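Can you read through this structure? Questions will come right after.
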Amino acid sequence: MGKKVLLTGFDPFGGETVNPSWEAVKRLNGEVVEDVSIAAEQIPTVFHHSAAVLEKAIEKHKPDVVICVGQAGGRAHMTPERIAINIDDARIPDNEDREPIDEPIAEDGPAAYWSALPIKLIVKELRKNGIPASVSNSAGTFVCNHLFYQLMHRIDRTSANIRGGFIHIPFLPEQTVDKHEPSLSLETIVEGLRIAAVTSALHEKDIRETGGSLS
Amino acid sequence: MGKKVLLTGFDPFGGETVNPSWEAVKRLNGEVVEDVSIAAEQIPTVFHHSAAVLEKAIEKHKPDVVICVGQAGGRAHMTPERIAINIDDARIPDNEDREPIDEPIAEDGPAAYWSALPIKLIVKELRKNGIPASVSNSAGTFVCNHLFYQLMHRIDRTSANIRGGFIHIPFLPEQTVDKHEPSLSLETIVEGLRIAAVTSALHEKDIRETGGSLS
Amino acid sequence: MGKKVLLTGFDPFGGETVNPSWEAVKRLNGEVVEDVSIAAEQIPTVFHHSAAVLEKAIEKHKPDVVICVGQAGGRAHMTPERIAINIDDARIPDNEDREPIDEPIAEDGPAAYWSALPIKLIVKELRKNGIPASVSNSAGTFVCNHLFYQLMHRIDRTSANIRGGFIHIPFLPEQTVDKHEPSLSLETIVEGLRIAAVTSALHEKDIRETGGSLS
Amino acid sequence: MGKKVLLTGFDPFGGETVNPSWEAVKRLNGEVVEDVSIAAEQIPTVFHHSAAVLEKAIEKHKPDVVICVGQAGGRAHMTPERIAINIDDARIPDNEDREPIDEPIAEDGPAAYWSALPIKLIVKELRKNGIPASVSNSAGTFVCNHLFYQLMHRIDRTSANIRGGFIHIPFLPEQTVDKHEPSLSLETIVEGLRIAAVTSALHEKDIRETGGSLS
């Protein structure tokens, strides 16, 4: 039987009127590619509440793989994240005006969780398809990292047979018409997430390929 | 009778295997949009010889508007250029291994020519269509600026009834798979150049709208 | 008899409380280096009025060389400017709330003037002394370019035996404590302008060395 | 009795002829500031061997605080690191030509360790003194992160009464004369590390101040 991948995207935040993560994953909702079926759910850009909504989505879809997706304004590449860290440190308020500073996400959790996705293989497959991609070593300290950590913590706590991870994506071109920031088209991002979903579903093991960062 | 626009794109240079300018303009060759007909020609990335090839293309197509297009690796926006300057100063060799340093393009020419395209209106129309765009105040000192200057100098010398200008465009995504530079998809660039061609053909006068740069 | 160099710096603009150009040139006021004497004057960041103040400073000091200096927030290098262009296009208001858009600086002036400073030699000398430097091909379209153009236009009109030019400099570190922009220390900028002043006074001819830009 | 701070800096790597971290910390060697005495040691830019050299330096100096310092080419700020992660992933060879890919630093170690320095307070003090600073959420995956992780793992394993952390610093101006990267002067970096050392010695607790990152 085929694998099931749950993709999540956030609602807009920080003054933007769209969030490319939701725009992209909703277009993949219901797709079946290479026997991998994809479902998509929207998550609120809110500390903690985001995790509760994710929890329900996981219960509903019972996925083999969960890939949370978020906007990383300023990045030029699609970037699978390597690690989630146990801290909330908001630079701007979330969508319910919470602005935690240096608060642990889970009091009982470890400092960090590794992504369980084959992040190097995803980067390789994306590049092979002409899509700019690289590994990121920090998902920040806002709601994206929060949700990523909560996802991995939930899987760890429940010993669920789910592989989870997070991918940050650039702005859409329409978000950058008057700011000098990189962007990728919606078509490119959708195709990139399709590749990432299938690659993650079909490959439990990552490849050994350089993808490090000097600093 | 409808207007005729000649678009030109360069062949690849600087180690790249494609040049987004030629990839984009060749897709517009033969199109007729809003009674504006578009022709496209390829230009070699070679000082001086580029101008001779452009000259022949102008004689062949007898356009009302000429828009030369070139790759500006590192830029995030489509950028109509404001001004062409009378100097060649190569940082790398051109495609025939010439590397002029601080040589005037035309001994008898003025220091600079202004674009005759409605550059502010083009930027406005591109943004309205969700395409990142801004005015650039420097086309550099390589073959792009050379061709732009030669185009304007030729029009000036011959008092031809042609309006000319230059637009720089970002890398394609496939050129940036392993370098952290901005890109725009071919579809976005093609649509952007279509808008720029039609806008230039239909509007001789520019709008008065801020588009300056502090430095 | 020794040469005389007039350096000018601007007052703060755009919400900044200091302008590194004035902070730096005022420290060089009265210095005599290698028989080159340096005077410094402050110029208001105001279209046109800046030129009137510069005119008086030139009459007062009767310099052989005039180097106007301005802040280029975001640049990492000290950048001698290659060319001044005949246009005002303000992105923000000047210090008297004027915001000209696409207005010529001098109705009767050419499109552009070249710097008369040995810009390649200045870059070479700065780098030899460990100071980050490169040639810039655009001084923007705000008051910096305005003053640069006015300086060259004044010299051209009066056939004065003065060599003129413009150097843009980065932010000071204290201006970037909470924004991710490059800076250079005041000591480095002062030393760099000292080198530029002496080099400009002692060398009328520039060297032939690559310093171009692809776009 | 006064506190003792050990600062470490690396030897040059990646084709550079100097490493600003060693240039800076060696100038602080032997200083006593506000009853805080500072020692400095050089560390080789080599995976694992760096940790052995650090171990000896700790045994020799018996410090209360250890701050390892490293070059982060491309950054504009001095950046106290928040977290060290348990992975080596080299993008270039280290100084003994080792290039580990996705290897854990310590088989028995946790995924990550938090800095024990008051990183927000350090940033605040640096900014108060006009020095560009911000918190970083990733020390990369090269030798800098390796040493940082090894330091924290050693303290954890031995229950030593030492507080440790890592600070990344920009290039020196002389390293950027012909590349467009930010830099800070040696004087600024030395002053910044002096402030960081004293602040870390005198304050065990951090302040609660925003310093997060969206992504």
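Lettered A, B, C and D in written order, each chain numbered from 1.
Assume contacts are C-beta pairs under 8 Å (C-beta built on N, C-alpha and C of every residue); 3 or more make two chains touch, one makes a residue touch a chain.
Here the structure is a predicted model, which is why all the values come from computation and not from measurement.
Peer 1: Could you tell me which chains are in contact with chain C and with chain D alike?
Peer 2: Common neighbours, chain C/chain D: none found.
Peer 1: Under the over-half criterion for shared residue numbers, do copies chain B and chain C use the same patch or different patches to meet?
Peer 2: Mostly same residues: over half of the interface numbers shared.
Peer 1: Among the chain pairs A-B, B-C or A-D, which one reproduces the interface of C-D, with more than half of its contact pairs identical by residue number?
Peer 2: A-B
Peer 1: Can you check how far apart chain A and chain B are, centre to centre, with Cα atoms defining each centre and the answer in Å?
Peer 2: 38
Peer 1: Let me have the rounded angstrom distance from the C-alpha centre of chain B over to the C-alpha centre of chain C, please.
Peer 2: Here chain B and chain C have centroids separated by 30 Å.
Peer 1: Counting only Cα atoms for the centres, state how far chain B is from chain D in Å.
Peer 2: Here the centre of chain D sits 47 Å away from the centre of chain B.
Peer 1: What positions in chain B touch 2 or more of the other chains?
Peer 2: none
Peer 1: Testing understanding: with touching defined as stated, what is the shape of the graph linking the protein chains, line, ring, star, complete or other?
Peer 2: Chain contacts: single closed ring, each chain with exactly two partners.
Peer 1: Which residues of chain D touch chain A in their complex?
Peer 2: 14, 70-75, 82-83, 85, 87-92, 99, 101-102, 110-114, 120, 137-142, 144, 168, 206, 208-215
Peer 1: Which of the residues in chain A come into contact with chain B in the complex?
Peer 2: So the residues of chain A touching chain B come out as 76-77, 126-127, 130-134, 172-174, 176-178, 180-185, 187-188.
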